[in-house]
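Think of it as A, B and C in the order they're written, each chain with its own count starting at 1.
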Amino acid sequence: MKYSPFSIKHLQQTFGFHFLRFCMGVVILILIVVFHDIFSKGFGIISWEFLTTAPRKGMTEGGIYPAIVGTFYVTVLTTIFSVPLGMGCAIYLNEYAPDSKLTRLIRMSIRNLSGVPSIVYGLFGVALFVELFNLGTCLLASGLTLGLMTLPWTITASEEALKSVPRSYREGSLALGATQWQSIRTNVLPYAVPGMLTGTILGLARAAGETAPILFTGAAFYLPFLPESLSDQFMALPYHLYIMSTQHHAIMQVRPIAYGTALVLIVLVFLLNLSAVVLRYQLRKRYRE
Amino acid sequence: MNGKLKKLGLGLALFLALSQVSYAKDMMQIKGSDTLINLVQRLAEVYMEKNPGKYIAVTGGGSGTGVAALINGKCAIANSSRNMEPKEIEQAMSVGVNPQRAVIAMDGLTVVTNAGNPVDKLTVDQIGKIFRGEITNWKDVSGQDMHINLYGRQSNSGTYVFFRDVVLAGEYSQKMDHMNGNAQIIESVKQDASGIGYVGVGYVKDVTGITVVKVASRPGAEYANPLSKEAVLSGKYPIARPLNQYINGTPSERIKDFIAFELSEEGQKIVEEEGFFRIPGEYVEFNKRLGL
Amino acid sequence: MHRQKENIIKSLFFLNGLLVVIALLGIFLLLLFNALPTFKDVKFSEFIFRANWNPSAYLESSYGILSQVVSTLMVTIGSLIIAVPLGIGTAAYLSDVASPRVREIAKPIVEILAGIPSVVIGFLGIVLVGPLIAKATGNYSGLNALNGSVLLAVMSLPTIVSLSEDALGSVPKSYTEASLALGGNPWQTLIRVKIPAASSGILAATMLGMGRAIGETMTVLMATGNAPAMPKSFLEPVRTMTATIAIELGEVPYYTTHFHSLFAIGLVLFIFTFILNLVSDIILHRYEKRMRV
């Protein structure tokens, strides 16, 4: 008999594996606690009015509509800045870049950019967009700051998608006399773009939940109307949650609103995530056909 | 796929177009003091009701935030529960901002302890020692044998600066907890049997679970209550202060109109409803300087 | 004609690629230029080695970041003490114990955890973790370094789990087969062969998690109490470098010493995370090379 059920070796293994299961259990428990707390305490305040009206009475009553709209706007702006540049960079790296020192430098920069703390992006946004470009604190400055912050994520996601397109697709078209750009445009991008979009949606979901980069570049405490141009300030869900839970003058009174805001923010982020997953699933199915 | 994308784009364009249907705006930003925020928010809401189309956004963050915003050109009015420091006025001047002060209400800066704490009288000197960290036990101010827990504000708070300059005349104990706002201090002191904190008098109105400490200017002097209008306005209460609004240069009609409303009988009634005190004659005179 | 067009397109893409290098360099230079004026008024040695941070003092302002650096390291190390064993355990479970079906379900759960915005985690620190810590320790306030550590552990778990799992997964089959053939059981194989073989990958994962924790702003800002004094234990409130920037940047008049000093803190943060990223990069690179052989 190779493994005696009573041997020390076996006991060790039983204990060990149970410990590993316990670790996994803790991770799952954390997630359950987080969701249970937010959903059970936030659900009560959610109503049509909460989602579609502005805060009233010094933000102790009313809804979070301007914050939802503000987050939507700034995320759209982030997309506009981040996605084309991210895709372009990915195309360069995967299709054109030679294996050179410069290419390695570019790759190193991408990895380091993704490690820069979000508050440092905030400082950078203040120094460059708000002050040097003289945009002031506004939607545009925040969008640019978040756009830069998400750039490394967009690049990484786009490159993954490009890598998944088989080499033979490119070679076939090149062999027929197409130029490199023609072959990329007709034989690579159509297959890669959906995958690129999926990956970038995930990055944008993260951007939508970010607070530190918009803290000083454009987010407003309270505005009685919606932003109407790029040079307006805006309210945002994550910043609103921060205010409602730490800065508001009647913190305990507005706790339910804070919970509601947290719930809406989480649901928004997960809807974005979910749409990416569904998109990926459908695309895979289509590829198989 | 292409069709779907087009639809998505169209939907997005429609949404953005619809959102353009907001209002022609006449907007004024007011920033600053947490002590003043409830009051000014109330004043602004009543004012906006009476003047449709004129928007006022009131945000807090602390007097320091308001003053910085005024200097940086980010707001029309800065609420401040302290006077601007000479250094700040110098900074403002150097960037072409000329700060002018209006006084809109009076505050008796209130020291609070837990309701279960028998200490309900202190001298300014004792409070200073407590917050400088020189007295650390309640028994030294004829209370129980309990360690004193300090609750103060963050450095951007006007109350933090006023209290430090007037009561402490020195540095805060490094042990003090830096709370974000008046409400947080009240919450903490309510729950902490050995806590002590300071807030604007408007924040202790109708609050249970705390003791409002009576304060004397020196040992032997009369202990005065910050809830008494007479004591605050006469100066008998030693840590009374004016609550200010700073503006840049001669006020525009827009700003003047709002501040005039705050100083009107109706505005001053709201001041009293919010637990603060109306401005005495000397400040009425003072404000006239600005054409108010 | 075609060639020309092709070349133009190629150089446009090249410029696009170069953009990230410029961005990284730009961040560094802007931080540097905005930070340098600090040292006209503050001695560099005081900035680094003094524990007292009080830019708006009654008498004399002082700009010393030592207590903030200590606070940052405290919450970071605290979070690693919680997250590393838990993360490696979870990764090992996923790679060696879980059936493929369980893994299919469990992996997205870890990913969902990564998707929760940091401000929500910070909020839970106030409403959930704080009161728990207060109850357990008898302190009135549960907003302290321990709270921050717990939250940061939750935030860095997904990074550590998924990268450690990758590392365990890339240990060559021949290693495990050899161990099993020599009579080792799966547990021994995991502990004595796979984890040591994947150790540099796990180390890199830990360092990336650490970089995350050092740079995290909202959670620590909301949950650690923010008292500027030098902390003596995990049950005291701390104020990290990131929290100081977040609290004070909104209240400073621009282009004053105080304003510039916040950029100097940003620069220190940038350098910290840059070094961590670089080192974990090098470790990871070497590891991949070795595993390929």
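One rule holds for everything that comes next: a residue touches a chain if its C-beta (ideal position, glycine included) is under 8 Å from a C-beta of that chain, and two chains touch if they have at least 3 such contacts.
Keep in mind the model is a prediction, meaning the values are calculated, not measured.
Peer 1: Relative to subunit C, which chain has the most distant C-alpha mean position?
Peer 2: Chain B.
Peer 1: Which two chains have the greatest number of C-beta pairs in contact?
Peer 2: A-C
Peer 1: Centroid from C-alpha atoms only, then distance subunit A to subunit C, rounded to Å. What do you get?
Peer 2: So the centre of subunit A lies 17 Å away from the centre of subunit C.
Peer 1: Counting in whole Å, what is the centre-to-centre distance of subunit A and subunit B, each centre being its mean C-alpha position?
Peer 2: 37
Peer 1: Which subunit C residues sit where two or more other chains touch them?
Peer 2: Residues 250, 254 of subunit C touch two or more partner chains.
Peer 1: Return the residues of subunit B touching two or more other chains; collapse runs of consecutive numbers into ranges.
Peer 2: In subunit B, 61 touch at least two other chains.
Peer 1: Residues of subunit A touching 2+ other chains?
Peer 2: 246
Peer 1: Quick one: which bits of subunit B touch subunit C in the complex? Just the residue numbers, please.
Peer 2: Residues in contact with subunit C: 61-62, 64-65, 67-68, 71-72, 88, 91-92, 149, 154-156, 161, 164-165, 168-171, 174-178, 188, 191-192, 195.
Peer 1: Under the touch definition given earlier, write down the residues of subunit C that touch subunit A in their complex.
Peer 2: Interface residues on subunit C, with respect to subunit A: 2, 5-6, 9-10, 12-14, 16-21, 23-24, 26-27, 30-31, 34, 85-90, 92-94, 96-98, 106, 109-110, 112-113, 115-124, 126-128, 154, 157, 161, 183, 185-188, 190-191, 208, 211, 214-218, 221-222, 242, 245-246, 249-250, 254, 262-263, 266, 269-270, 273-274, 276-278, 281.
Peer 1: Contact residues on subunit C for subunit B in the complex?
Peer 2: 54-59, 140-141, 225-230, 237, 247-248, 250-254, 256
Peer 1: Spell out the part of subunit A that touches subunit B in their complex, as residue ranges.
Peer 2: 56-58, 69, 76, 137, 194, 220-226, 228, 246-252
Peer 1: Using the touch definition from the top, list the residues of subunit B that touch subunit A in their complex.
Peer 2: 1, 12, 19-20, 22-23, 25, 27, 34, 37-38, 41-42, 45, 48, 55-61, 74, 180-184, 187
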